[in-house]
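So that we are looking at the same thing, I have put the structure below in structure tokens.
As written, the chain order gives the labels A, B, C and D, with residue 1 at the start of each chain.
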Amino acid sequence: MATFAFGKRRVYYEDMGKGEPLLVLNGIFMSCASWEAFVPSFAAKNRLILVDFLDQGKSGKMDGEYSLSTQADMVLALLEEIKLESVNLMGVSYGGEVAMKAAARCPDKVKKLILSNTAAYTSKWLRDIGRSWDDACRSHDGRQFFKTCIPIVYSPRFYEKHYTWVAAREDLFVTHFTPEVYDAFGRLIRSAETHDERGNLSAIASPTLVISSEYDFVTPPYQQKELAEAIPNASHVTVQNAGHAVMYEKPAEFVSLVLGFVGSDLDIRVVS
Amino acid sequence: MATFAFGKRRVYYEDMGKGEPLLVLNGIFMSCASWEAFVPSFAAKNRLILVDFLDQGKSGKMDGEYSLSTQADMVLALLEEIKLESVNLMGVSYGGEVAMKAAARCPDKVKKLILSNTAAYTSKWLRDIGRSWDDACRSHDGRQFFKTCIPIVYSPRFYEKHYTWVAAREDLFVTHFTPEVYDAFGRLIRSAETHDERGNLSAIASPTLVISSEYDFVTPPYQQKELAEAIPNASHVTVQNAGHAVMYEKPAEFVSLVLGFVGSDLDIRVVS
Amino acid sequence: MATFAFGKRRVYYEDMGKGEPLLVLNGIFMSCASWEAFVPSFAAKNRLILVDFLDQGKSGKMDGEYSLSTQADMVLALLEEIKLESVNLMGVSYGGEVAMKAAARCPDKVKKLILSNTAAYTSKWLRDIGRSWDDACRSHDGRQFFKTCIPIVYSPRFYEKHYTWVAAREDLFVTHFTPEVYDAFGRLIRSAETHDERGNLSAIASPTLVISSEYDFVTPPYQQKELAEAIPNASHVTVQNAGHAVMYEKPAEFVSLVLGFVGSDLDIRVVS
Amino acid sequence: MATFAFGKRRVYYEDMGKGEPLLVLNGIFMSCASWEAFVPSFAAKNRLILVDFLDQGKSGKMDGEYSLSTQADMVLALLEEIKLESVNLMGVSYGGEVAMKAAARCPDKVKKLILSNTAAYTSKWLRDIGRSWDDACRSHDGRQFFKTCIPIVYSPRFYEKHYTWVAAREDLFVTHFTPEVYDAFGRLIRSAETHDERGNLSAIASPTLVISSEYDFVTPPYQQKELAEAIPNASHVTVQNAGHAVMYEKPAEFVSLVLGFVGSDLDIRVVS
């Protein structure tokens, strides 16, 4: 648990464990706290760095608009702060968008890249879904926010099966999120509106794992297939029977995919 | 263009053409007018009956809550009104839910059944998505309504490629929809909350065609696979590269699927 | 039941019914007789023309090697013979390869084109599978032929569920196929080795329906997606829960897809 | 490199590295040598045990028919031989069938189970494909064997892209495989004819990873979905753009999936 200064804001991060470093970038409505259950696994044999984006969790709130480029700058500043020449970088959804931007800009700083359920660019379709989320945030109404933004990130089967847990999360959102949090969510959403990394993906030099899930309706598998095809050295794996929030729905699969990719010698020549 | 009395309301319908009768049940934000471009094809060799559900298009507005059962009653009353012993019944999304209910209740009145992009029941997941739509309707704000309810019913590729058309529809919604229309949409959405026809599907006796589409994120293909498996004599076909609103995205495919199924002798014995 | 002279051979064809003409091109191990159960449906409202390819069914046997181009010439000669300016052309697998070649060469002679479970070109993979089939044909052993060539064209579920029918077909093959038939099968297989129509698909002017099936392991759905993308005006529909031999596994779906596409006015403008 | 006595035969195995033990069971036409390129990765942080099945590689040849049960007995005997109370067990295709049998019979001996591209039972469809392979083995003709058995285990794209490598393998088969090897292949194929573990899958107690691949036409993904659903604690992941022989087509993905699953603490409670 630490912070560092990025421009006028404090950025909150956590730096735990020892071994190959793994830096995790959150999805949009997440924070470091979201990974609590994963820390024992992720930090068992790795140095694990969690970080709250600007406008997220315990990091400072912004007072105007910005873009993913600012978040990528922050990530690169964090690497300097913790004195890492390079790192294994994993990003989920929004975090994946920042991760691919950082990896394309500074290929030498990313050892391996893992992109889970993320998009190469914000299509008009995704932009307009984002705008409905932004509307819901503006309402400062936790239940409206939840209904508008959350069901779609889960697979229908999971949502139904674990509805008690889902409902408890809704209550948590309603209780804990202040107007300032919703306003910050709104800015985060808008910061991704102009995201378009398609022209830069060929600059990514790291071995890359694209994780998609069968029932991801926000960043559907076929788009991640296109993403994997555009990155020079990318693998593509699909988790069955899971939605966009795959790390919550299938945590064991998620952890084993990430740690297996980070921890293994992947330089295997079967076919010359 | 005609109406008939159903309880205290007038129900609007259109009855055109000659031949095997085809009764079409609309999706939730549609009306008879939505089928304008399809009428020449559908009515070329068939008697085509379009109808606005209660709370939809030119039919009467309701003044309280109801369920899909009421809409199914209306459909059966329409058959009596136009003196059809039985009919080929096609329903899209919400219309498909009403269609399967009518077909399960009165198997002898449905010659062939076509269910396009519809659900056997309203899961908690679909219910909560519906509630976000209901919230958007309550706002009486056309742009909020559009962003919340519409992108998800199209495939991302279609939405992006035809964004000019999409944006024109948004303007149309904003201009034409009154608070009364949004309130009616809200009641329509809520009328499907308790939909659960799973226990009755085995009573459907008609040859049934389940049409799904590759990128349907509202009633995803795997759920329609389950639907097709639960109906005794069902075929299942998927339209590639289309979303939930398949009839708009792929009208030629949609028309040929519907007319081919209605018009053909399907009693072919290859395997005894 | 008639024949016409094509070079030194007689070509056998059947010409039935009245209406929009539909010319059907067989898969490789089929013949006119394979469509017996489909004739009542196909010929109910259409003029139906069936034809045995050279080296197939009751058409003449060849005495050396040839290519698909020869079969396409034969199809165009048949159109002249029966005095059809243009025709709706449907081809299954091998027949689809000939159909796309004819449609690309003479776009004005094909009103609508239907390609079921077929390939844009013979990849080395498909060529080598073909060579294993050719080996099996050379054995003149019906059971070896059947085991090598037949299971893979069905979906596992269908094959298992209808094994009695499958086994009866095996017995039929063993009983009826002479060494001459197996030699002819071998030539047919080899005639497709050099098939590559990829460069010509953009010349196809007809509205085209690509039918694929979920469990087609010979010409898998993703290849037919590529085929549909390469033809200017193509629709793509997948029959669920069926294999390569979709017309046998799902005859009702197959007939309704074909007749719906042939019989419907497809010129529907929803999106301008 | 070592052997142990199993009944009248010597079984060849290799025991390398230190750490969590991983026992690998080969696919049918493989041997310990097939894993050469994988050993540095697999044995880097794990004790790696490779083994040739009876009738495979350097293990003894059988002189009559047997079933998978015999191979499972051999695997359990090997565990005793190398004094392992329990092991992480990974099996590919045929090896997966033996692995699930061993895990169902002795749940306490299998710590984690990985089943790659394998079948819960030999359907009549798979049996008959196996019989065509058996026919090809009986020919003792390397080229006929290769064409009949090999293309189908690769994805078409891989086969075409790496045809030089594929052709070199064909030459290798032709040069090195003796009639005795082909006879042994035949017995291996026949030993799986009666495989049906469906009734026992619920006895598997280990955390299990089912790996399937997008273009597996021998044990298609939908069957592995059924397999994963029948095993109490199973995860299911699909490698995109690969065929049945996924470890050759996508070695990096394969290694990272296996090592991630074996090496990670999977006991993560997100949803209670």
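Basically, a residue touches a chain if its C-beta (ideal position, glycine included) is under 8 Å from a C-beta of that chain, and two chains touch if they have at least 3 such contacts.
In this text the structure is predicted, and so the values were computed from the model without any measurement.
Peer 1: What chains touch chain A and also chain B?
Peer 2: Touching chain A and chain B alike: no chains returned.
Peer 1: Same residues or different residues where chain C meets chain D? The copies count as same if more than half of the interface numbers are shared.
Peer 2: same
Peer 1: I'd like the Å distance between the centres of chain B and chain D, where a centre is the mean of that chain's Cα atoms.
Peer 2: Roughly 48 Å, centre to centre.
Peer 1: Distance between chain A and chain D based on Cα centroids, please, to the nearest Å.
Peer 2: 35
Peer 1: Going by the contact rule already set, what residues in chain B reach two or more other chains?
Peer 2: Not one residue of chain B touches more than one other chain, so the list is empty.
Peer 1: Can you tell me which positions in chain B touch chain A when the two form their complex?
Peer 2: 123-126, 128-129, 131-132, 135-136, 144, 147-148, 150-152, 154, 156, 159-160, 163, 166, 215, 217, 220, 222-223
Peer 1: Enumerate the contact residues on chain C facing chain B in the complex.
Peer 2: Touch residues, chain C against chain B: 37-38, 40-41, 44-45, 162, 165, 207, 209, 212, 214, 225, 228, 235-241, 247-248, 250-253, 255-261, 263-272.
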